[in-house]
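Consider the two complexes below, in which subunit A is the common component and subunit B and subunit C are the respective partners.
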Partner chain A sequence: MIRTILQRLALMGLILIGVMTVTFVLSRVLPGSPVEMMLGAKPTPEQIAQAEEELGLNKPLLTQYGLFLGDAVRGDFGESLITGQPVTDDVFLRATATLELVTLALLLALFVGLPLGVQAAVKKETAVDHAVRMGSVAAVAVPVFFLGLLLQMFFAGKLGLLPLQGRIDSGVLLDYAFPRVTGSYLIDTLLAGEIGAFASAVRHLILPVLTLSLASMATIVRVTRSMMIEAMQQDYIATVRAYGVPQKHIHYRYALKATLIPLLTVVGLTYGFMLGGSIIVEFVFDWPGVGGYMVQALLNNDFPAVMGVTFFIAFAYLLINLLIDLLYQALDPRLRKS
Partner chain B sequence: MQRVFQIFWATGILVFSVVLGSIFFAPDRTRDAHTVVYATYGDIKDWDPAVAFSLEVMVLANIYEPLVYYDGRAGGEQVLRPALAKSWSVSEDGLVWTFHLREGVTFHDGEKLTAAAAKKSLDRTITLEKGGFYIWEAVSEIRAVDELTLEIETSFPAPVDLIASSQYAAYIYSPAAAEGGTEWFNQGNAAGTGPYRLRQWDRNQQIVLEKFDAYWGGWEAEQMTRVIFKIVRESATQVQLLLAGEADFLSLISVDLVSALERNPEIQVDYIPSWKNSQFLLNTQKAPTNNLNFRKALVHAWDYSTVANQVYAGSADVARGIIPKSLWGHDATLETPVFDLEKARQYLEQSGLAPDERKITIAYIAASEAYQSAAELFQNNLAQIGIEAELNPGPWGTIWDAAKNPASAPNAISMTWWPTYATPSDWLTGLFRTEAQPNFNLSYYANPAYDQLVAAGIQLEATNREGAIVKYQAAQRLLIEDAVAIFYADLKERVLHRADLEGVRPNPAYNTIFFYELRRSAPTL
Partner chain C sequence: MSAADDELTLSERAGDLIKHNRLFVVGLIIAVSFLLIALTASWIAPHDPQAIDFDTKLAAPSSQHFFGTDVLGRDIFSRVLHGARTSLLTGVLVVSMALLIGLPVGLIAGYYGGRVDMVMMRIADVFLAFPPLLLPIAITAALGPGLYNALMALAVSWFPWYARILRSSVIAVKEELFVKSSQAMGMNPIRIMLKHVLPNSTTPVIVQASMDFGYTILAAASLSFIGMGARPPTIEWGLMISSSRSIFLEYWWTAFFPGLAIFILVWGANLLGDGIRDLLDPHYKDKR
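Now for the complex of A and B:
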């Protein structure tokens, strides 16, 4: 087991180097220098030349790459040209915001999607099944930004119940002191014992989590349903049924187990995708996450930030895949033996 | 199994209760009548007032003050107001400027404003060589004559009063802050003399300023005591915040929404002449725009009034020359080209260019709807007179890089310009003075007669501003005669805010709202 993990980690390292190399070359060969954006409104030619010298942009590409790798190995991606802050700080700040949002959205999707998928399979071709299927098709079909705006207009604009944007109320952020330990406001506010700030963070999470979870919830429902239907037709289910085991046990203890492997694949891929792909929800709700940072970095040719954020997303995606593969083995003894 | 279901339901009920409780019982502390909220689309990068050279001035102008304020609200008249200097004078030769500082002014960190402190601040800004430091290039020495008298000596006559009123590189900051350096500033620290001190910077989320009790200007009960800059990147969200009363100002304004918002009695839309203007620079060295008659055909094929009235939807006036009418030195009598396709055809014939040579490339910033629409309209008009135009939109960094290289430069490139300090010479030198390696002179214009006129004007600015205006007017006439650019729009600042806020009178010299001037007509809470 340990050997497998070590092999996978080594492979991860190679993939990461490949991803970083391709991103480095692409960012350098595409037209446009980052210094114009970095220096503000009207830089002089001397200021531009000085900035290029400081950033090493006038050195040969290979030298630049060597310097980058040397720093990156030490976890130093340099300073963002747009924010002026160390990229690792920026990415940590943004990534923890995204992780909080995405993790909750996925948990909600599982919490609701799994039972719905099971019920749709069990009550196949009934009104329940039709309703669940139609609902899931609709959830996938509605564009995320549109759904986000609709929810904003209804819950914030019409009812005035929920906030429009941000992670926490402005005044609360000012008046409640809570140290940023994990970067998750829910955890950090609880650790600091600031219940008011915790409640404000929860309020701000409701709409973006709902928006982000709906599409993945629909996928989970569909996968669970189809896998359950397949499992219910297996011989071992007929045997269990013949033994007189209660229906609920058959569904959740025996049939659902068979859906876990494909479901895990979907969950893993969705989670990895959402880390970089929650950008639309982040924009609609002004969630200061990693997606918005990535777009800003790309649009402004912010080389250090592009490299830092690419590393984070690639690393997170590979790590999730590794964990999912390990979980396969934990769940299915056959895979362990092979 | 039963236990799993119990846990499932218990978790569901718990989460639901927490969510419900949060909806109804979470504290909401954003609003009170003395708090003003500005929805802005970007965070601050440079907190160091010596370095800041971009949108930061929106915040910094409320924390820091220069020696002198320029009041651009008086239109083309030049009006300077005391800021940290209560009076100033210049020697007869225009080389030594003396500023008498206010007494009893303190910085936010408790340090006293003295001539030595001001000297330290300006010296640091100049030697740092960042941002807009070059506005001080004429300065040879800064002296603290006594506790409150500052002398600035220049190597040639320069308008130091105007330079000292700049929104870039002219703020006076605490000597202790200067010791801390850029690193200290960029950790989210500030120490100016302005009406507001920096209370909080929560990166990517908000900046909070709070009233500085010891402000030399004093305070009245109705003034704004807290300013929150909320970072809201989506235009639609900014509008919703404004409509809900959760924001008082917004910074991202979609043209489509303006007319709808104008009908809302709770929202006020102000159009204020700015010092920004837009033009398309024509490359005078590259075929076919190196042909004067061809360039004249181009400037007559531009539909000036349609662009100003339709494309910019009222937020621009047709430009008359390069100096906007809201700044001193503007020439209202200047004869500028008008939209006339017949005349354009005549110039085209006079150019002697064969039909297959009548092709140009036009570069502009892709993200700008106004450039896009104006360029497409221009392309249509050119097609009517037999000129083929290829549109090449792109990010500014990319098109600027291409335009600086003679081989990849387009025939025309979009440009929006505003001065670093209140002088017409900023346009005249920045955009059209001869440059060996083009930086912003993307017209590649090189005319010694023009360069001499501008240099003479600059020399006169300190001692004889009327004389300087005459030189600048003559220089402008050369630009028009040589058709070096399509000068098409003097832009207006469009400010959208809640109607209950009074005193919103933006000053074109500063890209900010001075929150100290605001009052709320009726408290909302």
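Now for the complex of A and C:
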């Protein structure tokens, strides 16, 4: 087990160097990059020279690459041109908002997707199955930004039930101050015992979480369904059925259990899909996370911030998949080496 | 059932699919309609999609303007029709550019194996280490925003999937007797790859590519929505929604119809892709 972990870590290290290299190439080698972006339309030659000096762009490319790798390993991606803060600090400040959003969306996708997939599988070729399949094919075709706008139009605009955007009411922040402990508003408000603030945080989460989870929910439904159908054809299911075990137990205790391990891989991919999607969703809902920060950086040509965020999101994705890989090994006895 | 299925020709299976798979027919109708719309937009659009008219700005849908007008008084129905061109072009260009890069990489890696394979696949791994949408956004940011840069960025982020899929089928095909005998005859490896290996290993890639078409349209629209893709005066659905972002609560039609168009086209493309998979990979049906 320890050897497997070390092997995975080494592989991840190599891929991370690759990710850093891609980031470096994007920020330095491609034409029209940083200086032009930073200085805007018509910079004077002196301005260009000064900027190049500051960024170390007048050094040979290989030296630049070495310096970049050294900085990146230490988590230094320079300062954001907008906030003036180190990009790393900016990202960490906003990471918990994104984490809260993505984790809840993933949980929602699983809690709704798994039972729907099971139902579709055990009622294969019935109206339920057809409806679930139609729905899941349609759900992946909805552009995530359009879904967000539709929900905003209906629940915030027409019904006035839920807030349009943001993470919490600004009034609430003044009335019920709560200390930042974990960075998750849900947990922090509860820890401080501020129910009013907690309710506001929940209300702000509903629409973005729904928006982010729909497409992934559909994927989880499809995968669960097809793996359940496969599992239900196995001999051991026939055996437990012969023993007269109730249907519900057969479906959830025996068949679904067998699909959970392969589903872990899907969860890893879904997580990546959601990290990408969170860039759009946070922009739509003005959610103060890493994704929204990235779009603002893009719109303002804040190059260091864009590249820093790119690296950190890729890093988070790799880390999650490493954890899932290890979990996979721990859960599936066939993969354990004696 | 699969034994009997295998004996059917491709066209017989296609006939079967059209008769029995209604969703495939729906997808086909949607795709053909959008293709026709894209080809004839200039003639069938009731208004000039770029004509600005401040007297009728933000008019609600009516018999004059079926989908209403936008903030500059431009007819949204005509703009949605013209937008079909951009979106279809997006899907076609991204998938074919990704194939153009991915196929040679997969073919060479799979055929030669060994160190060549290892290096190429590790490079592919690095590209796949980025969550979808993140790498295209970063590449577009580096190249500078714009529709063609966004399409290039999507293709570059997408090609490793095709390289991987082709590689695994090439590894199987190169062990076949007809390849071995061509090698024994001393045939030029490039000729073997192009004449014998490639034609016999493309089916899984074609299946995947047809299923990706809708996704690439979605991704390109998302890039345009956050300001990284198409720019005015290009008519693009994601961009239309983006520019109505501050007014859509009051003037819902400015965002609703372009969004609906993306949804219907992508939905149709996905149904069509699923059908093509059933057509080319008859065994898949048994697994369903």
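Heads up, the rule we're going with is that the second predicted complex is superposed on the first by the 301 of 338 C-alpha atoms of A that agree within 3 Å, B and C clash if a C-alpha of one lies under 4 Å from a C-alpha of the other, contacts with A are read in each partner's own complex, and residues count from 1 in each chain.
In this section, contacts are C-beta pairs under 8 Å (C-beta built on N, C-alpha and C of every residue); 3 or more make two chains touch, one makes a residue touch a chain.
In this text the structure is predicted, and so the values were computed from the model without any measurement.
Once chain A of one complex is fitted onto chain A of the other, the partner contacts of A:Ala199 are limited to subunit B, with no touch recorded for subunit C.
When the shared chain is aligned, subunit B and subunit C each come close enough to touch A:Leu149.
Partner contacting the larger number of subunit A residues, of subunit B and subunit C: B. Within the superposed three-chain model, A:Leu318 lies in touch with subunit C and out of touch with subunit B [touch as defined at top]. In the superposition on chain A, A:Ile15 makes contact with subunit C only, not with subunit B. In the superposed model, A:Phe283 makes contact with both subunit B and subunit C. In the superposition on chain A, A:Val223 makes contact with neither subunit B nor subunit C. Looking at the shared chain after the overlay, A:Val137 reaches subunit C, while subunit B stays out of its contact range.
In the superposed model, A:Gly157 makes contact with both subunit B and subunit C. Look at A:Leu299: by the touch rule set out above, it reaches both subunit B and subunit C.
Residues common to the contacts of subunit A with subunit B and with subunit C across the two structures: 32-33, 149, 152-153, 156-157, 164, 283, 299.
Touching subunit B in their complex are the following residues of subunit A: 31-34, 36-37, 39-48, 50, 82-85, 93-94, 111, 115, 149, 152-153, 156-157, 160-162, 164-175, 196, 198-200, 202-203, 206, 248-249, 252-253, 283-286, 288, 292, 299-301. Every residue of subunit A that touches subunit C in the complex is listed here, in rising order: 14-15, 18-19, 21-23, 26-27, 30, 32-33, 134, 137-138, 140-146, 149-150, 152-153, 156-157, 164, 226, 229-230, 272-273, 275-277, 279-280, 283, 294-295, 298-299, 303, 306-307, 310, 313-314, 317-318.
Contacts from subunit C toward subunit A in the complex involve residues 23, 122-123, 125-127, 129-135, 137-139, 141-145, 214, 218, 221-222, 225-228, 238, 241-242, 245, 248-249, 252, 255-256, 259, 262-263, 266-267, 269-271, 274, 287-288.
Of all residues in subunit B, only 1, 4, 8, 11-12, 18-19, 21-23, 25-31, 37, 43, 45-46, 52-54, 129-132, 134, 168, 186, 199-200, 202-206, 208, 228, 230-234, 236-237, 240-241, 243-244, 246, 394-398, 400-402, 418, 420, 430, 437, 439-440 touch subunit A in the complex they form.
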